[in-house]
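Each of the next two complexes has subunit A plus one more chain, namely subunit B in the first and subunit C in the second.
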Partner chain A sequence: MAEEMLRMEGVSKSFGPTKANRDINLVLNKGILLGLAGENGSGKSTLASMVCGMQKKDSGKFYKNGLNYDPHSPADAAAHGVAMVVQELGVVGNLPGVVNMFLGKMDPYTKGPMVDLKAMKRDAKAVFEKWNLPLVPLDVPAGSLSIEQRKIMELARALITEPDFLVLDEISQALSQDNRQVLYQFIETFKSKGRTILMVTHDLEEMMEISDEIAVLRDGVIVESRAAGDYTMDELKRLMIGREVSGDYYRDDKEERYEDEVVLEVRNLTVPGKCEDISFDLHKGEILGICGLSDAGIHEVGSAMFGLEEGRRGSIVVKAENKELKKTSDLIKTGGAYLSKDRDAHGLMLDAGIGDNLIVPSVKELSGPAAYLSPVKTKALAQRASEAFEIKSSGLGHVVRRLSGGNKQKVNLSRWLVKDLKYIILDCPTRGVDIGVKAYIYSVLKKAKKDGIGVVMISDELQEAMGMSDRILVMKEHRAAGMLSRSSDFTEDKIMEVML
Partner chain B sequence: MAGQTSTASANLKKKRLRSQILVIAAIVLVFIVCHFITGGRLLRTNNIKAILTQVTYPLMVGLGMMFIFSTGMIDLSVGAQVILAGNVGAIAVEILGLGYPGLIIGTIVVMIICELLCTSCSLFIGIPSWVAGLGCALVFEALGMILVDSQAEALGTAIVYMKKCNALGQFPVIFIIAVIVFIASYFIFNYTKFGFNLRAIGGGGEVAEAMGINRKKTILLAAVIGAVVIAIGGITQLSYTGRFTPTSGMGSLSGIFKSLAVVLISGSFSRIFNDAVGCLVGSFIVAGLFNVLTLVGVPSGTGQDICLGLVVMLCGILASLRYKGVMK
Partner chain C sequence: MTRSKKMNFQINTWLPIIIFVLIAVIFGIGTKGALFGATNLMNIFNQSVAIIIAGLGMLFVAAMGSTDISCGVIVALVGCFGLMASTNVNDFLLIPIALGIGIGSGLLLGYINAKRKVSSFMASLALMMAYRAVANLVLSNTSFYLPDSLRFIDNFAFKIVSVIVMVAVIVYVFHYTRFGVFVRDIGENETAVRHVGVDVDVIKIAAFAVSGLMAAIAGIYMVARLGGTNNTIGTGFEMKVMMALFIAGVPVQGGVGSKVYKLIFGAPTIIMLENGLVLCGTSGAVTQLVRGLVLLAAVAFTGFMAKRFANVGVEAARNQKTGESGGTE
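Entry: the complex of A and B
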């Protein structure tokens, strides 16, 4: 009989009138990965954060290895062998990676008043080596690392205390294809040592593939929990949403279909060391996917097009107006929009309310005489965007920082999509969103395509890129390695062949 | 991947070192140019001594502020605290006859109490730190006025003038003390658990707390260390000038204006120098600038302040040039 690692009995948690978790009963055995499935706002992250001591439960009990377990802080959880890589927690940007990894755990490295940084670095590297994780720069401020490097560093940080229970909340969606494989290998190794993982991911294919068991949360309640192999994809979706979800949310046509008219002409786009000599045309009504392994430069193409990268060369021309995009404001003036992969750092005003975030891109259109912003108009727009994307919150004044990852992305996207756009550059648009929102985003993209909007969709998920794109630009080592067409080349093998 | 990582890391270090050398070389060059502009007076031995003396107070107060501000506490009552604490020290020497122990202990203890009071207002009552700082400044200024008025009468003067215990303000003692304070601050800030904790609190309070760092304890400890460093600056300044004139109506802010400029310059150079070294560089820029402006006859208070404001902004612009942001 499998040995028990963590038991939850009658665990509940409320935030004011909102019941985030109700009477949760769950058992996680040793050596397994339990996937926690559910829509945004279903209570997954709350449950995960209670397990790792970030939040106190209102009632109920946790037992770890048969003993009462009631962590009052993440440090206390770590002392009980529970570590985490969770959405809400990040890194301290102004401190080097090595210091970030040992925050709160420096006592063994303290010699008198001094901290032995060399020993810390040595032991940090040993963690990366032990678990076969790709080493990230440890000497530079963590804020200067890419989101992917930060996530890998957070994983290594969690492993420093040699936990036997690990909480992973939406880690894989920050990773590219190759580093996801690294993560999966790590998970296998971790489990093989009799240790347990509680994983939250919105990628249901991934969840079905790597989980041993899956528990489904809906409106804060566990509605089903059993072996992963006993679910079908449609059943899992139905359990999460509470109704039948049509089988496929991607495009069902097999042909690339777009107009001849070119919306954006990109020529020899180069950012030294990041992307080299990238050229393509984006047509009216086309979804152009951009894919590649980590460090291939796919995300930099998006940020370079938006004008965020220093030393950009080459040209990006909006053909209808024959206007060259030189700075970020040019993109917005010509009916364009850009969504960064790192929505917290580059997309949202985290400490402002939902309403303020929603109206920001439309302030010019909403402005009246003497730049007067009518509260009626701004509220109406914010309300429309909020309702269209079903943002779960206490109202337009709800601070964005307090939203779940999926709801943050809804705010990020909806404020652009209520505008009259000609083209949009999306960097991982479905990162951290649940299946319901994913389906909604894809339906919006399909509509945008139908309306003649050109879409550049940078994606770390091959299935998504294949499912939605007319063509895929595959990048390798910062350069374009091939342009594949929906009608002839869209197989995973073919794309991987070009990537590698 | 590991190879790429170490190369990226090494490249970044090289770039940083190059920038550091460039900034220091630029400052030295500016000093040399100014030497000729001032008719060869700037780098004369006596003037160098004057500059090294003028560096000390903005540097030590700036370093103290660095500890306090790094936790996210913007305390603008520091000037009022130094005036109050310094006058307590001066009274301990002149009226109570307690000599150096009275000066040192009196100033440091009062400074610590004031800083802890101000920090606690923000930390435990939840008032924004800058609001708490301004409120405390008014209170400390008033207390300073009341104290000096009551004690100066006994001395038959308008203010408490410290005629004894002046050795700590003489060159090179004052400069040696500043160097020791800088070295100690540098190591505390960059190589101790406390230093990392306080920077973690300032850089990401929620992350730091989740990692087991006691936020309140760290902030209070930073307040104490900051207060001690500022108090040492206050003691040497008091020994140097012999007095701290009490002010009211936020006049105390002008007393820490140069130190604030040092902290601002340090912040501007944060991508090139760590904060402590940034304070050192900043204090040389500020002291050098005021010295040059005085030598060429630019009026103090107006022309000199305009120049300082421009220099602070220039430092920010220069430090931001070619900033690459996220590293890949």
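Entry: the complex of A and C
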């Protein structure tokens, strides 16, 4: 019989009237990875953060190695051998990587009023080496690292305290295929030392593949927990959502289908060091996927098209009006929209209400003579968007920060789609979103396509790009490496071949 | 739905009024009613006017989460150059010159902040010091007096009507135009506003210009009240205006919680506080101390309440109880 690492008994937690976790009973043995599955708002992150001492549980008990374990802070949790890599990036952008790694753990390195940076750096490197992680530059400010590098750095940071229980919250989403392999390698090594991982991920395929056991949370309650191999994908989805879902939420047609009319003509789009010489046409009613490994420049194509990148060359022309896009406002004026992949930082006003957020892109269209903005009209628009997109909330005043990731993304997307759009550029629209909302977003995209909207969908999930696109522009090292069509080239092998 | 909405009691909404009433009652009792004597009420009104007017402008800056501490010194410049012109050239030149100074200074501050990326606090602090030096240089050995033809500005009826008009205009601009919406949204998340294709820099510069303009108008009223100018006019005025905003629950970090009505209650509140302490016979130093502590308490309380009740309300509770809400993860 396997030895027990962590036992939860009757753990509950509520936020005001919301019961985030109810009577959780779970046992994690040594040397396993337990995947925690559940939709957004099902209480996964709450449970994980209680284990790590970031939040206090209301009732119930944790036992670690048979002893009562009640962490009151992350530092206390670390002292008990528990560490966590959080979902939201937790690095201080202006400080160098090495300082970030030892934040709050500097005591052993202080020499009088100074800290011994050299020793810290040596020890930081040792962690990377020990666990065979790709070393990231530690001298530069952490903010200048890519999201992927930062994630790896955060993983290394968690490992400094030599934990025997590690919580990974949505770590792989920020990682590209190659670094995911590194992560899986690491997980194997970690487990082989008799240590345990609790992992939260939205990528169910990944979860099925790497978990030893899977526990499913729904509305704060564990509805099922058993060996990963005993689940089928459909069963897992059904357990999460609590109702039957069809196995396929992507498009079911196998042909590219769009009108001949070109919406957007992109020619020789170049941002030095970020993307080089990108040209394509976006057609009416087309979903054009853009794929590539991390750092291939796919996200930069989106932000460059919107006009956020300095030193952009080349031309982007809206064919219908024969207007060249120069500033960000040109894109909006010509019926376009751009959604950054960083929803919280670039898209939403987290501390404002849903209603305030929903109207922002439409403010110009809504204002009448003398710049008058009718409260009746704005409220009606917000109401319409909120209802059309089934945003779950207590009303338009509900603060966005308190919504689940999926509902946040619904707010982010719907505020644009209530407008009369001609084209939309989406950067990773389903990042950090649970399966129910994901399916919903895909259905929205299908409808947009039917309505003749041109969609550029930048995605780091190959499955998603293949499932939804008419054509995929594959990028490699900042350049276009190939344009593949739905009817002939959509296999993982073919795309990977172009990518690598 | 409609029923529960009525019950949705937002403490932050009522906070300015609660504080106003609280201060009025405390000092009403403390001064044995002297606070509400006719002359004293008139006094409170007269002192509140300038603060309300300047506050109407500063509200735009505060809503963006920025700071403009140059409004006191703009009052000094208005007194200095406005009255210089009306003494030497034409009585009514005071008004266009004041407006010019206000808008000009606001545009400059906005440009430095938005385009040159200097923090608004630092930029306005620097401008404040420079302008004060200019005012001191000009006024070191002269003083100017208000021409009789401009005495009407200090007339009660004119003041109350003009203030109501200004409040109405600012309520319209701040709450019912897209400029106002964007100003508040910048306070919530500047990047998000940039991402909907809004030229944030232009909005910022305009907001500072409004702030400067309103400070200058406040300057006209202050000069009219004083009947002239000296080189200390407007010192510490910016602090009073900020206090009027923040004591009444305008969020220090800006955003959608910024409302005009909060200022309308905040301005007389701090004047009453000061006035009441004086009437109680406390010394100037103690008055300052109490003022500081009350401001601290109000700001801390507003921040605390904002967090505690972010999605407050019976309505929210009811929906979540029935499991309708997405809730928190």
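The rule is simple: the second predicted complex is superposed on the first by the 483 of 500 C-alpha atoms of A that agree within 3 Å, B and C clash if a C-alpha of one lies under 4 Å from a C-alpha of the other, contacts with A are read in each partner's own complex, and residues count from 1 in each chain.
Just so it is clear, a contact is a pair of C-beta atoms (placed from the backbone, for glycine too) under 8 Å apart; a residue touches a chain by one contact, two chains touch by 3 or more.
It should be emphasised that the depicted structure is a prediction, and the values quoted were computed from it without experimental measurement.
In the three-chain model built by superposing on subunit A, subunit B clashes with subunit C.
In the superposed three-chain model, the partner touching more residues of subunit A is C, compared with the other of subunit B and subunit C.
With both structures placed on the common chain, the touch criterion links A:L500 to neither subunit B nor subunit C. When the two structures are aligned on the shared chain, A:D351 is found in touch with subunit C, with no touch to subunit B. Of the two partner chains, subunit C is the only one that A:A20 touches; subunit B does not reach it. When the two complexes are overlaid on their common chain A, residue A:P361 makes contact with subunit C while staying clear of subunit B.
When the two complexes are overlaid on their common chain A, residue A:T328 makes contact with subunit C while staying clear of subunit B.
Once the two complexes are laid over each other on the shared chain, residue contacts for A:V399 go to subunit C alone; subunit B is not touched.
Note on the chain A alignment: of 130-138, 184-192, 220-228 or 274-282, the part of subunit C that runs into subunit B is 130-138.
Those residues of subunit A that touch subunit B in the shared complex are 54, 73-76, 78, 88-95, 99, 103-107, 110, 113-115, 117, 128, 134-140, 143-146, 149, 273-274, 295, 300, 308, 310. Residue ranges of subunit C in contact with subunit A, taken from their complex: 5, 8, 172, 176-182, 185, 188-189, 191-199, 255-256, 310-311, 313, 315-317, 319-321, 323-329. Against subunit C, in their complex, subunit A makes its touches with residues 15-18, 20, 40-46, 219, 306, 327-333, 338, 340, 345-353, 356, 359-361, 363-364, 366-367, 370-375, 392-395, 397-399, 401-407. If you check the complex, the residues on subunit B that touch subunit A are 1-2, 4-6, 8-9, 12-13, 187-188, 191-193, 196-197, 199-200, 202-204, 206-213, 270, 322-328.
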